[in-house]
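Below are structures written as structure tokens.
There are two complexes below, and they share chain A, which is joined by chain B in the first and by chain C in the second.
Moving on, here comes the complex of A and B:
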């Protein structure tokens, strides 16, 4: 393997065998290079996900955690089918997502001007998901304080929480700080569902609870022995990218 | 300051399906070829790794393999009375990024368009009269189905397509598609083993007198070694196909069919993470000198070359032509200009049938494993008494049971809470979905140009997409939905829904990454940007290869035709162009 600074590249350099010629460095680790002679292969080039470990909060404050735990437990209630959103780790999932590139809209187009759009044009505001959660949760609690006997959302009864969430979903509540109630509800709903149904490595879907509930086998990747078994239940429990709880010693 | 690099015979912009095929063909011809790719190198072991590729959040929701809007967004509006705004996240369509391009994350449906597509204006005029499609801008492609047969065949054998021929040299074969054009031989591999849902769908369709057949799939039904000597493995029906790379070497892509051979060639070089800014023309604006690109350091390079092949995604090909001044931009007010003309999409409708007593195991799936019927596609049926042209393939191709996105529930189900959960569990395994993939025909007002306001990270204007589903296509979708309803009823089940495509293209929900046109091929330089060999009418040493060349979109996935056009262009370059380089292969 050869490496060249190609400020003034030569034909020889470009044609060198298996040349991983770093044209220049960059902050993101993505570096332009010239490749010829072989398909490149480097050990350690694979990029597996980093497993979320519980413990501490990286984005949410304690007050935000209690609000979000109440929300996800109403969206995904505990019942005979599965554990609820709180126990499944949906808030932990969201915390780590919001502390990461998702929270900052790092992969999206965020240049202005920001103009009000039509529904067919999608989200057109400048706020990133981390800002939307911060302001949205505060606005939700401000609204319940003003309209529900000074209580925070988490302090309401389950039925009252459901009623508030339904009104948010329908856009019947006007939240302070110009927060769009419907849009904020949809943001929380999609976040909770992602956490509940994503691979457990991201902090939610504890013990693959949602996958067991549905009968989704997860990361198994080979169903050739079952494809012709029409209308017959698949016999094996799910596995995660990180493995299966069944494989671990108890 | 721009660094001037040593000359190459050929510079290729983008190393996806078409770039890889053309690079392979032209290096075989002995030419010195360089490909310049905006994204990273990608390969199976490192980037579609079997230890973690089954990650719905990362690849399907966060779209890890796709072009990110921060790199290049597009603006959209439904018509010229609206102000286009940027799609801040891609939704309706998801574009590829990096080596392999959109061919990494496709599903593998591999179709041939029909002769009645390529000669659509002539054909429809003969059959119904030109008045029948006066509201549309339909035009011939300049080629015939027979001319492209061999190119389709080569792409199918490169890929190892699993399928069942319906028409071999005019002989109709039971179990295949009786509406297809004659092909010289059967598919390289037999059809895939059917899962339960498409099996039931085919039974229902046959009971109604229709002609279902196994969808031609770039998912391997058996192990396969292609004509380049590259081996692929049998598909395991993992259910992580579209939006994912394949960890099993079971889905055809540039990585699994071309690159292992191409990358070893001494006269080929790839430069990754290098974005072409424009094609450089000489003073006459009829000859390309090469391309200017910028790498991750921000430094600009000029790559001189005798030929420039635009092999990016179709939409990017069109934008690069506009940014480079190749040809005249299309003006929807006058109908003049060709670059940006005849942008088309796909007119899809959906249906769901909810059962109580079935277990479809939706996670046992592959991207193209299913059944299709073409009885109502294209002009396979008589439109004489109908108020539209075009049609749709009706497909039952369940691709996955990935639960963040695939959780069907009956109409009226709440989106959360106890009742939501019960309905989700009840419906997850017992819902059969099928769809109509409808044709998309050009109109004067649907087009591509450069946005006047929004810029990319280099300060260049974004592409602006002005599109809505034409009334003709909406009428088609509505009529086909009636046929879908008949199939849904025949399937039985507790209840069903049919959702025909409605007016008002919405850029948010995913619909299809089948963006076609904008640099259409044709016989007339006033209405097409490239000739029948994909060669620019205006700058003959530039070829523009991809779905950008489609004069309209059929009710089929485009990749088979994109692959065939790559071989068609390669043949023209090898057999004709190189004898008289720089000259037009067709006189205007």
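Moving on, here comes the complex of A and C:
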């Protein structure tokens, strides 16, 4: 436990850092704005999300695409409940995320120092998600090449792929390039789930397949008319931020 | 910051009161009456630019004939109306002829102001003389040929303009006559709300029955209970004009400005008089048509769009939420012959008026990014023909023209 804790700063370090922060704050342009009269509003103003359109890959190489498609289709296989992760567009979702601000951790604090953190503190290392996927996929394929008759992960049978994924999850495999197998597995698993369950405008969850499977009504926020209707299924089909096919009159 | 603002406002009020005090006490009362006439006439709506100096010239007006820029009417000698006499001002208001004999365009609502009493016009003149003079040259006439020739207004006036005082109706109450006077004269409600002829003149026999302007539809405000405000009580009309909202509606577009700058500053007796008069007027279609069947494919698509996009605020049954979300069910605005205002609001959003008694200014966001032309048309067709509403359908082309 002790080894996980950051060293506490001395009193002197603390005071000087506060003084510096105050200086930096006053030098910077952050100025509070006061609004009087009426709240600001502009006609026609909108900040809509950008709809992901399939076609071409912005981050993954062709090899990485085939590896990731194999992975997401084992994590979320097609069955009687829904389509699989590959058909749902999980890899397209990940590709656009990794090419965007998520890939570069542009909106997360990722400067050092890099010390081992507690599990509750989340990811504590220097590599950004795009670096982790690039190195992780390459290391996974290097490992299968060395241990599975020279095959890439995507070339293994479904059962073999499942076995490799289970060993990754359990931390039983030591991947090259010092890639933490367990952490990389969890990264891919959460990425696949995000792609499968997020709004279709982000590239995955094709035709709201996962929402239909769950009975999740989608991008709505008012259920007052249904609160008192106990034990009755919600009647409306799911809706995406971008709308639904039910909106077409033709 | 607060102290600065406070001392500034003290300085300003000191300035104002000293200039007022410099007048004789009689003038004092007259100036105050004149300031109220400026509220009734909403001079600032056109002659003050948003964020600009008071009455020093406004933002360009888009008319069907071209662009007109409301001139500087501060007492600046060179660029305002500082060199005018009271008689010049009266002639402009009553005859539409400016200081130098130039004919005004009826975007300046002299066809309504002509009905103002000489006493009210003189009081307004006294007030305008006290406004801070601002040097701001404005080229008002930016119309294309031939409309840029002011003399064409001579012919227009012969056909369309009837100068003369407001004539009270002796068979009506004093309150009714006061309301009629405000609506027809200084308030110039018909400038927006009365249908226009091809020449841009009010169609007198269709007064206040609703008209298009600048991408909005100023609705029927007669006592018609289907399309007008006949279903509103006098108190509800007063509340709307005073606060910009009531149980049925929230002001949007140009009416929002009119409420903020003009009607919310009128006194309660005048608002009541306006309500009494408007409720007594008649006009427009009174027979509600058969609503479009719910099975119509456009109605079906519209219903889905409504439930997925609008119902969270306006409720599934179109009743809205008091003080925040206007009711759509039973709304005369929703059932106007033209859906321009509705289209404008869906495409661009809208913000309620900020008035001393209603400061929240609830706003609706733009849905232009989420709905295509056909979807906007279908959802509007749906709200115009549901919950007891009935009105002509909206087409994708109607929406496209406004996008």
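Everything below uses one rule, namely that the second predicted complex is superposed on the first by the 203 of 250 C-alpha atoms of A that agree within 3 Å, B and C clash if a C-alpha of one lies under 4 Å from a C-alpha of the other, contacts with A are read in each partner's own complex, and residues count from 1 in each chain.
The rule we apply is simple: contacts are C-beta pairs under 8 Å (C-beta built on N, C-alpha and C of every residue); 3 or more make two chains touch, one makes a residue touch a chain.
Remember, it's a predicted structure, so these values are computed and weren't measured experimentally.
After overlaying the two complexes on the shared chain, residue contacts for A:227 are found with chain B alone; chain C is out of touch. Judged by the touch definition given at the top, the superposed model places A:48 against both chain B and chain C.
Applying the stated contact rule after C-alpha superposition, one finds that A:243 touches chain C and leaves chain B untouched. Ranked by how many residues of chain A each touches, chain B and chain C are led by B. In the superposition on chain A, contact of A:150 is made with neither chain B nor chain C.
Of the two partner chains, chain B and chain C are each touched by A:38. In the superposition on chain A, A:56 makes contact with neither chain B nor chain C. In the superposition on chain A, A:120 makes contact with chain B only, not with chain C.
In the three-chain superposition model, chain A touches both chain B and chain C at residues 34, 37-39, 41, 45-46, 48, 219-222, 224, 241. Those residues of chain A that touch chain B in the shared complex are 7-11, 14-15, 23-26, 30-42, 45-49, 74-77, 79, 81-82, 102, 105-111, 113, 115, 117-124, 162, 165, 169, 189, 192-194, 197-199, 202, 210-211, 213-224, 226-228, 230-234, 241.
Residues of chain A that touch chain C in their complex: 34, 37-39, 41, 43-46, 48, 219-222, 224-225, 236, 239, 241-244, 246-250. If you check the complex, the residues on chain B that touch chain A are 3, 5-6, 34, 40-41, 43, 45-47, 49-52, 54-58, 61-63, 68-70, 73, 76-78, 82-83, 85-89, 91, 193-196, 199, 234, 236-240, 247-248, 259-260, 263-264, 266, 268-274, 295-299, 358-361, 363-364, 401-404, 407, 415-418, 421-422, 424-425, 428-429, 453-455, 504-508. Listing the residues of chain C that touch chain A in their complex gives 1, 297-298, 300-302, 304-305, 307-308, 311-313, 315-316, 347-351, 354, 359, 361, 363, 365-366, 368-371, 374-375, 378.
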